[in-house]
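Letters A, B, C and D mark the chains in the order given here, with residues in each chain numbered from 1 onward.
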Amino acid sequence: MIQQVEPWVVLSFCAAIFFIGFAGVLIRRNILVVLMCIELMLNAVNLTFVTFSKELQHLGGQMSVLFIITVAAAESAVGLALVIAMFRTLRGVDTDQIRLLRE
Amino acid sequence: MEALTTIRPELLTLTDGQLQALMPYFLVFGGISLAIIASVLRSLKPKWPVFILGMLTTIAGICSASGLLGSQAGSELIFNGMMVSDAYSNFFNIVFLASAAFTLLSSFRYLDHEQLQHPEYYVLVLFSALGMMLMASALDLIVLFIALELMSLSVYVLVGFRRADRRCNEAAMKYFILGSAASAILLYGSALLYGMTGSTNIRDILAFVQAHPQGLPVVYVLGAWLVLVGFLFKVATVPFHMWMPDVYEGAPTPVTGFMTTGLKAAAFAAFVRVLISAGYGKGLVTAVQSHFHDILWVSAVLTMLVGNIVALTQVNLKRMLAYSSIAHSGYILVGMIAGPGSEQGYAPVVMYLVAYAVMNLGAFVVLTILAGRDDSGLNLQDLAGLSRRHPWLSFAMGVFMFSMAGIPPTAGFAAKYLLFYSAVQANEIPLVIIAVLCSAISVYYYLRVLVYIYMRDPAGSPAASRVSVWSLVAVSAMVVLTLQIGILPAKMVSAAKKAVTSL
Amino acid sequence: MAWLDSHLLTTTLFLPLVWAIFGLMIPTGTPGGRATLRTWTLLGSIATFALSLLIYQRYDAAGAEFQLAEAIDWLPALGISYQVGMDGISLWLFLLTTFLMPVAILSSYQAIEHREREYYFLLLFLETAMLGAFVALDVFLFYVFWELLLIPMYFLIGIWGGKDRIYAAMKFFLYTLVGSLLMLVAIFYLAYQHKVQFGSYSTTLIDLYRLRLPGEGYASAQSLLFLAFALAFAIKVPLFPLHTWLPDAHVQAPTAGSVILAAVLLKMGGYGFMRFAFPLFPQAVLLYQVHFLALGAIAIVYGAWVAMVQPDIKKLVAYSSVSHMGYVVIGLFSLNPVAAMGSYYQMLNHGISTGALFLLVGMIYERRHTREISAFGGITRVMPLFAVAFMIVTLSSIALPGTNGFIGEFLILLGTWQASRATAVVAALGVIFGAVYMLWMFQRVMFGPVNHKENESLKDLSFRELAVLIPMIVAIFAMGVFPNFFFSKLDPSISRFLERSTGAALKVEAASAPATAVYAAKGE
Amino acid sequence: MIALIPLFPLIGFLINGSWYAFVQAAPGRRKAGSGITGAIATMAILGSFVVSCLLFLQLQGLPPESRVLEQTLFPWMTFAGFKLDMAFRLDSLSTLFTLVVSGVGTLIHIYSIGYMSHDATPGKFFAYLNLFCFAMLMLVLGASLPILFLGWEGVGLCSYLLIGYWYSDPEKASAGKKAFVVNRVGDFGFLLGMFLIFTAFGTLDFEALRSAIVHGGHAALPEGVAVTTVTAICLLLFVGCMGKSAQIPLYVWLPDAMAGPTPVSALIHAATMVTSGIYMVARLNFLYSLSPTAMAVVAAVGGVTAFFAATIAITQKDIKKVLAYSTVSQLGYMFLACGVGAFTAGVFHVITHAFFKALLFLGAGSVIHGMHEEQDIMKMGGLRAKMPVTFATFALGWLAICGIPPFSGFFSKDEILWLAFSSEHGSVLLWGLGALTAVMTAFYMTRLFTLTFLGKPRFSEAHGEKHGHGHGHGDDHSHGHAPAGVHESPFSMTGPLQVLALLSLIGGFMGIPHMSWLEHWLAPVIPAHQATGHVAAEMEWVLMGVSVAGAALGIFLAIRLYADLELPRQFATKWAGLYRVLFNKWYVDELYERTLVRPIHALSQGLWKNFDVAVIDRIVLSFGRASQWSGQTVRTIQTGSIQFYALVLLIGIVLSVGYLIYGLA
């Protein structure tokens, strides 16, 4: 018999991923990695939605995930475009390089 | 909680009323589509057609939204209750579209001069306006998220529109990363709310709250709070404000103007809706309310303080206005806090947003005109002696500055007293006292602008500024509106009240 | 005419502003154009004065409390309305303003050499704002005018002022604003209380007079609200130790600005006390009576002392204002008819005599471009007419009997003596020191040998300058000899003011309405 | 009718004042003589005098108890809770004063026409003189204290203006200011006294006040008013008198006031203004007599002042200064009289003093005029021959002030001395003080007389040339006739001298002891003095003899001493310390300078720089600075690093979530 995974375990897992993603945003200097971390956060959210959807026996959550994935794709596109633009002017994709605007 | 297993035909059809209610969105969307087509037709030299299309789109949208505002009796639920068209959303639609329209007006000549005259600019502005419109009318957290992203993604691009400029890139990148993170947080909150209430519809969430007056689950509270954090980020209240000054400074000036007005209004518009349904509405007495109240209280105080005192030290006007924008978010937050306790409800918030949009947009239009190449020449010293060169612009700037400082007879004053009045009604007197003292601080840096404009002699030879008919129209309209709202606020107040009652 | 009859106040009020807007259209490129502009502005202020005389004539002291009243809803949702009306307390300050405006404008003919269009526009704009504050019967409307007048004054100081004009303008604006913002909060609270007690929001003054607010102790509502109001007014008065904006603003402002600042703007503080702070919070007034009496007495002596050692004439006059306005404060807080009347009269006096002093200082400044006392000496010989005028105004300032100043100070001291002897004694010291600093200054400027070569060739007063000064001098003596002319229109209003401020009015009401007797019994 | 008395000079003032301000003052105008303006001014004051005489006759025609004329012009300050009319009241006391003021005033006006004939701005001078007469007449005619005060301050003003008439000289301007300020100190007391009266009696009108106190000719305290209150009132008002009538400790301004033109010294600082303190005390005699303490203080201050001033007068070298101190001394006499309850004697002395002191001053003026502004008596001498009229009239004045019978001064002074001895408030001590002063008065007046008119001239004929520079521009009148040498003054000056000399001669007869017309006349206002039983009547004659003998002794000593200047010089070196103290006026001015003027000035300077600017304003500005500083600090948080921004975001979330969980759990 396959042991049912308790929802709280999954949810905690999601939360952990979410915060790992956030931590990545905080720590990583490479903007591409930062973008990935944001994706990670969104995916943690997706997983949460799915988990709840399963728990609640309600399709809305899974529908949401579809939308989120779409939006995330668009977001990545814009993000990557910005990275390219940045690379063109700064010759680098490091977050430390963009500290011109401050105080 | 109804499972989406059966297909109900009535969900797939639109009634006449719904169709009418959707007209502004359709019009704007249609306009955008046409503009995209026009912009790819290179042979047409798309500058004029796209600009005119954009203007027509916004005007059409404004007309239909104001028509709805006048005719619509109640609220019209659309798409199975995922969207609503009511006085509130239509009121804001007008604000967004007007803000977009004036941004377009002021950008036209600016883009020429900056050699950024790409038709995508107009399309993006319209897209983000559409996103704002959807935000103000979304009743579902996912719709809200999509609308938010539609708005934000367009604005990310707009912020970085001057592609070859480092500062511009930096601003866009910062905004993008932090904005995306904030969106993720909002979304995570939505997920938690969904998990607790079984729905992403905010009306359902409200029903859930009303059903559990004595105690709400901790996870629910967390979810609600994270959603609110998403909005607090967008409106830039302390400590979620860090992105704002950098982005405002780096973005092209008209875009900054658009952000401070449309974007902020949109964020607040959605914020109010969500806040109410998350348990901070009138007549709800929950533990959540008092806790949210405390946090928001602290945040409001910090926001007002930080925004104002840091603005004191700024010499770049755009950055100064960015901090001032933070401070104004603080004032609005006071109105949000006081909303449930006062008779005016959230009407002062709405009123304030309108007033703020008007005066701030006006100020940014002036800055757009004055900006030199690559948005240089926007430091205080560059304004010295402006009154000799541009009496009318100086006067306009004076009106806007006094308005932001909350001096009669301007819109800023009318909005501020309405706001503080309602806060007094809600017995938030300490908060109001802090707020008025902060606004006293703010007077210093607003007046300093006027000091340079009127009281100092011009230093050096000023760069030729780029006055165009379009931007003058925009400035004049804003001056008239600022004074009109300030002197005869009753109409605007009743409109705001009507909008809020439809919530 | 019928329309004018029913809107006399509003017409008078907004006439300067409308007039000024037309003035903006006069091209000022040529000397002729500039002269046209000046004449146009002067005519506007004279027309306003003429209308205010009509108001004077219409006002019947024996009649209703507020006459020529007009009321229009402004923001009904909050109970805010446009309400203006005239009583004795408003009347004379209103007339003072309209009387001084032509004088101020005439005095600027030569002093202002650049950006005249804006200048004259702002002056007339300022007039509207000041007049509005004096006739507003809605607390909120009053507040609007009160803040509104900061704008033109700010520019007047900041653009046409002296060396440190920007600092002074900023200080003036911020100082006054900070004080008044708390008043705004208090106004909201009052409106809200009106809702609680009577079921509707209102900021109408007469409605608010009926409020009953707890007034026991320093933490009570009345006390806090009173402080909020009093802060605004005390800054404006200005009461020691809130006076430091005044020397800067006075010294830096252009002559007309100083005149108006001293003559009218400071009066707004006293007026505010009389119209709002006292009648609205009678118990709090009693609570703080001692403190304000003390501060007023300190202001009198302190202002005089500090004035004594000023090297700059304008600054000296500025500090003398602190001293003189201290009398107003102690007079008001003495809470008896003699002192109250004296206080009010002192406000008018101060308006005339300090206004005239600033005019004189301005005239000499135009000639010498300095205000340092040490730069003068023996001016009497070169400018005898000026000396005569200066002497008369100086005498008025040191309250010589026969001039206006005496009536005010005498009545104030007489009344204060009955309320607090210690205060009266200290305040009477001001009589001595007032003479010391004024006469010493006069001596150093006007007497002695002419020991600066530049002063040898100073021109005596021109015809225009005489036209500026003579009305002031006439006023000085007229007010000193025939004060009853002024008292007769004031008397009922002052009595009403006292009735309310001592809680007597409430007591009368309470007798007829036993439900509220609990509060009124504490009114003493 | 009464209003005409002050009205005439007022009109004169307005005419002359406008004439001066708009015509004469304009630079570059040719110099106008004093003729027209002087005539206008004289006509004005003469008009007052005529009206005063008419009214005096009218009063005389009335029965004694109803000898009061009133006129209310208009309500001055009247409103709920207060009532004060602009009203005049002429009774037997004020009519005497109006006569003296307008009479002596007329003479001095005439005198001034000559004296000021070479002045640059006679219009101004006569305007001031008229204004003074107006104020002085208001003072004596006022029906209530505030109107009296109006005149009181008005005369102070004129005194100020006239002392500083030659304003180009900083010292003279300072003297004027000093006079005004010291008087203001007195007025401070006056005002408070007035307030106390109003609080205690509810009125400021003399008649109302009188009827509140005097019932059936007998003064008694009304219900609810304590004796201490009355004492306080009297003392406070007396502070006012100290200022105006130059009593210790506020007498210091009067000697300095001699900086003004001499007719001014005669009119204002001898004959009229300085006696207004006595007028007020006499006017309020019913109040004073209720308070023995106040009476004692008045008498003591008066007696001490009389003596004290006399000691200074002995050593002074300036002819006007001697007269000034003598005036202070004589004023002290008058207060001594009032203090012992002899109000009538005080008033009597006021009148005689007005005659002979005006005479002396005008005589001195004539001397100064003739000597081309020389005022140092050490540089005079032997003027008897040069200025015979001045000499003769001056001699009469000298005898009068020394108290030699039958000159006017004798009667009034003797009356005072007798009452100082015999009245219930009097004492031997007070009498002794008075008598000693009388001896000294005779001494220093004789010294003055001798040094000026007798002996040999101690000046060279061309002396006048080098003087007069001190007056600067305003003082042209000395230059006009310097080559002529020392000369007798014109008739416009000697004429008034002669009239005054006559008055000094016969003035005393209105108050011959035991058949005093004056006492009788004043009875409605000042109750006749009751002879007290404790002193034998013969004593009066004894004392009279003693005082006359004392005067004679003083005269004798002075003539012996000052016939030759070597003797006094020896005395001065022998008692150098005493001499220095006396010559330097007991260093009182220096004392005031050190203890009051400089400390207050230093205090003010300190308050301004170290408190107003350094504390109050700094506190105010510190709000701004604190905001700026915190702004500078907070903005450093904005590091520009995305990751730091995200961190702050996270911290915000963690804190708020933490609060929520903590709060909900």
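The rule we apply is simple: a residue touches a chain if its C-beta (ideal position, glycine included) is under 8 Å from a C-beta of that chain, and two chains touch if they have at least 3 such contacts.
Predicted, not measured: the structure shown is a model, and the values here were computed from it.
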Comparison of A-D and C-D by number of C-beta pairs in contact, larger one: C-D
Centre distance in Å when subunit A and subunit D are each reduced to the mean of their C-alpha atoms: 97
Averaged-CA centre spacing for the pair subunit D and subunit C, given as whole angstrom: 37
Distance between the centres, which are taken as Cα means, of subunit B and subunit A, whole angstrom: 26
Between subunit C and subunit A, distance of the C-alpha-averaged centres to the nearest whole Å: 65
Set of subunit B residues in contact with two or more other chains: 173-174, 177, 181, 185, 245-246, 444
Residues within subunit A bordering two or more other chains: 22, 25, 34, 98-102
Where subunit D touches two or more other chains, by residue: 624, 635, 638, 640, 642, 646
Those chain pairs that satisfy the touch definition: A-B, A-D, B-C, B-D, C-D
Subunit D residues within the subunit C interface of the complex: 17, 20-22, 25-27, 74-82, 86, 146, 149-150, 152-154, 157, 160-161, 164, 167-170, 173-174, 176-177, 180-181, 184-185, 187-188, 191-192, 194-196, 198-199, 472-474, 600-601, 603-605, 607-608, 612, 616-617, 620, 624
Residue ranges of subunit D in contact with subunit A within the complex: 635-636, 638-643, 646-647, 650
Footprint of subunit A on subunit B - complex, ascending: 1, 3-5, 142, 145-146, 149, 153, 156-157, 160, 163-167, 169-174, 176-177, 180-181, 183-185, 187-188, 190-192, 194-195, 198-200, 245-247, 249-250
Residue numbers on subunit D that touch subunit B, as the complex places them: 624, 627-628, 630-632, 634-635, 637-638, 640, 642, 644-646, 648-649, 651-653, 656-657, 659-661, 663-665
Contacting residues of subunit C [partner subunit B, same complex]: 73-78, 140, 143-144, 147-148, 150-151, 154-155, 158-159, 165-166, 169-170, 173-174, 177-178, 181-182, 184-185, 188-189, 191-192, 195
